[in-house]
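A single structure is presented below for examination.
Note that the chains are named A, B and C in the order they appear, and that numbering of residues resets to 1 at the start of each chain.
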């Protein structure tokens, strides 16, 4: 059966309870059961909480000295990360709204979408970003292309005074000259590996995992 | 979402699965959100070309596709072929050959003859969108109509819509009624006996008077455009009689208001024929929403279709 | 050279039984001997017909060889080849040539072309009205004196009932057959398919059944009123069959024909705007198709006629509403009817011979053919156990546009013999 109304509250859960890949263009197969794939936890739920606090620590002083800081997460898990950090900031007495940015329409791999059909999400940025200092959140930075698309998307909403980037994990292998300003932690990876971040509210489980595929299968 | 197969062309409503309909209608809303921004454009189809191939003049539909394509950053070429050049002997296949050489990624086709978009689709790797062919189909109109209906009725299943006018010759009526039926919306029709195909669509309930329609209690009333040049005297005695029998006048507006029903029309309207000036000001008219949703739906359609173009 | 067709069985129009016999055709094309166990001398070519049928040559009442005027679609040579390929050994050519065959001079011109190009008899019919325009009577006497088998405006029905009446009155005194392709143009308009669920689904302008039925009823009444001889071409609706049956019972001098397509296919075949199924009259609904078969079997429908109407593939590749009506039929009619009806047992060879060989010849006023001693050889060798793939190479018509292209039909025509001429595969 299909979801019959887009007006009912929805999250990214599929009809069968599995979580849909928000960026299917990338060809990640998060849910593969293959025996050859190994998955190692590299950060526990407690670790995530600690890193979110660490990011909040870095942002706290900025928020105090500049009241035009705006927080925007890249859909899906960038938003969740942004909300976690915003919650940490709230504990420190700083209330920040979190905007949502869906970058599907800004990706540079539209022709390679293969058999996948991206479900679009409305971007929701409930504040004017003109002249603000935007902190953009994503859970992992890898090639940098997602961020490139997000920057394009963000610019179409207005003209921020400054944009900075916060990520939970930096796994390296940049393909374009984009670097994060705030990093939870860094992990060395190979090209046949990928880093998956799972949040309770999106995925029903919590943790950061390093997934290793056999080399001959490449990144597919 | 994985159950969706890539689709090259959108030619009619009949061949769409519920999943595909749902996919397009759901994606149309994020596109509509973009219209609130000062920058209404996204770069999704940058470098792609959309060709508007119109054998029948239609400013509204071709502009709507043009705006949709532009907002996706595609380049748009308008290729309008007058009936006279067809008479001169340029055959459809020759035209398609010409289009092939232009290497468009998407071709939007309107033609007075049913089935032509299908022929274009068969002969080109570009994605073909049917923008109206003969009496056959107008799928993007049907999609925008459902989007509009679902926007005002989030719980739309089991609701009722009545389509009023020339059901026989209307591709809008055909595609829209088919789509509403697929979505579980009840469809009724009202029109002169000479313009309603009797017993052709068993899912459509046939009414012969407004009284019956109001008794039925539709949630929306969808007026079709009267093709005055073609129909007066042939299918009904006069415009005045049509207006009296089937037009939306102030008395019927009052009853529509009682019901709380919405008013829809594919445009452009003939004031004083299927609708009076007064009725045009009806507070629950969705006519301009339909136009806006038309752009969003067409963006979602262009975003969804996948051309089969291989570099050689 | 003599030819001996050995070990075959002879099919007949008046019997369901086959006669097992050898047939010896002399060097002048006459059947010299029909007997069991005929032995051949060294001068005789022996054709082994084991397991095969020898069937009298068919005759098609409704054929366009497109010559003169439309040689890009078909020529007399290609048309004759298509006929022989399909077991047809004679036909009536429609007058819708360019210019239309509407005078004695033009009939003579086409007859001359036929005798130069065709190894089989092709009778040239003439127009009822000048240029088939339905405005003024054509020159009957000149055409009749050239021996036209019928006068017809072919696809153009005479719309004015008064002119039709005068034509029939005038034709009656020449005792020439008037043939009508019944259609009421005010109802047909720009229609492309049968009006009904299929026309509605495809969004194509429809042709209502009453378009043919009203014209048939009118023509029958005019024929009864004037006592002319009337032949109805291409009947297609169950109402039409009822009208024909009633008129025959009333004593109207009336015959009619049906195409193999209307016997075998309904409008559903059009599927996705397939112009191979765009015919005039249009393919109708299944109950009409069933009525055609019943009418053919009970004799209400006298004859089968292929309505051979070749068009180029390019012409037929246009959109459905624009594409011309008609498909080619001579190559495939016998095979299609064998495959569709005889093999599954709906009727036998006797009925096919009656309706596609004997009756059409009678309607056209030519002698019947049969496989008997002393008769001119006029038959084909049919292998019921083989099958035939209908490919472009197989079709001898210039127009490969037929619903059967790409299909494999049961049975195979091995060779067609007309006098001393033998068309072998």
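Miscellaneous remarks
Everything below uses one rule, namely that contacts are C-beta pairs under 8 Å (C-beta built on N, C-alpha and C of every residue); 3 or more make two chains touch, one makes a residue touch a chain.
Since the model is a prediction, treat every value here as computed from it, not as a measurement.
Nearest to the overall CA centre, using the mean of each chain's CA atoms, is chain B.
Set against the C-alpha centre of subunit A, every other chain centre is closer than that of C.
In whole angstrom, the spacing between the mean C-alpha positions of subunit A and subunit B is 38. In whole angstrom, the spacing between the mean C-alpha positions of subunit B and subunit C is 45. Per-chain Cα centroids separate subunit A from subunit C by 74 Å.
The set of subunit A residues that touch two or more partner chains is empty. Note for the complex: subunit C touches subunit B at residues 196-197, 200-205, 272-273, 314, 317-322. Contact residues on subunit A toward subunit B in their complex (touch as defined above): 2-8, 14, 20, 24, 102, 105-107, 110, 113, 115-117, 119-123, 152-153, 155-158.
Contacts from subunit B toward subunit A in the complex involve residues 1-2, 4-6, 18-19, 22-23, 25-27, 29-31, 33, 37-39, 41-45, 72, 150, 154-157, 300, 303-304, 306.
On the side of subunit B, the complex with subunit C involves touching residues 14, 91-93, 111, 113-116, 118-119, 133-137, 171, 174, 197, 200-201.
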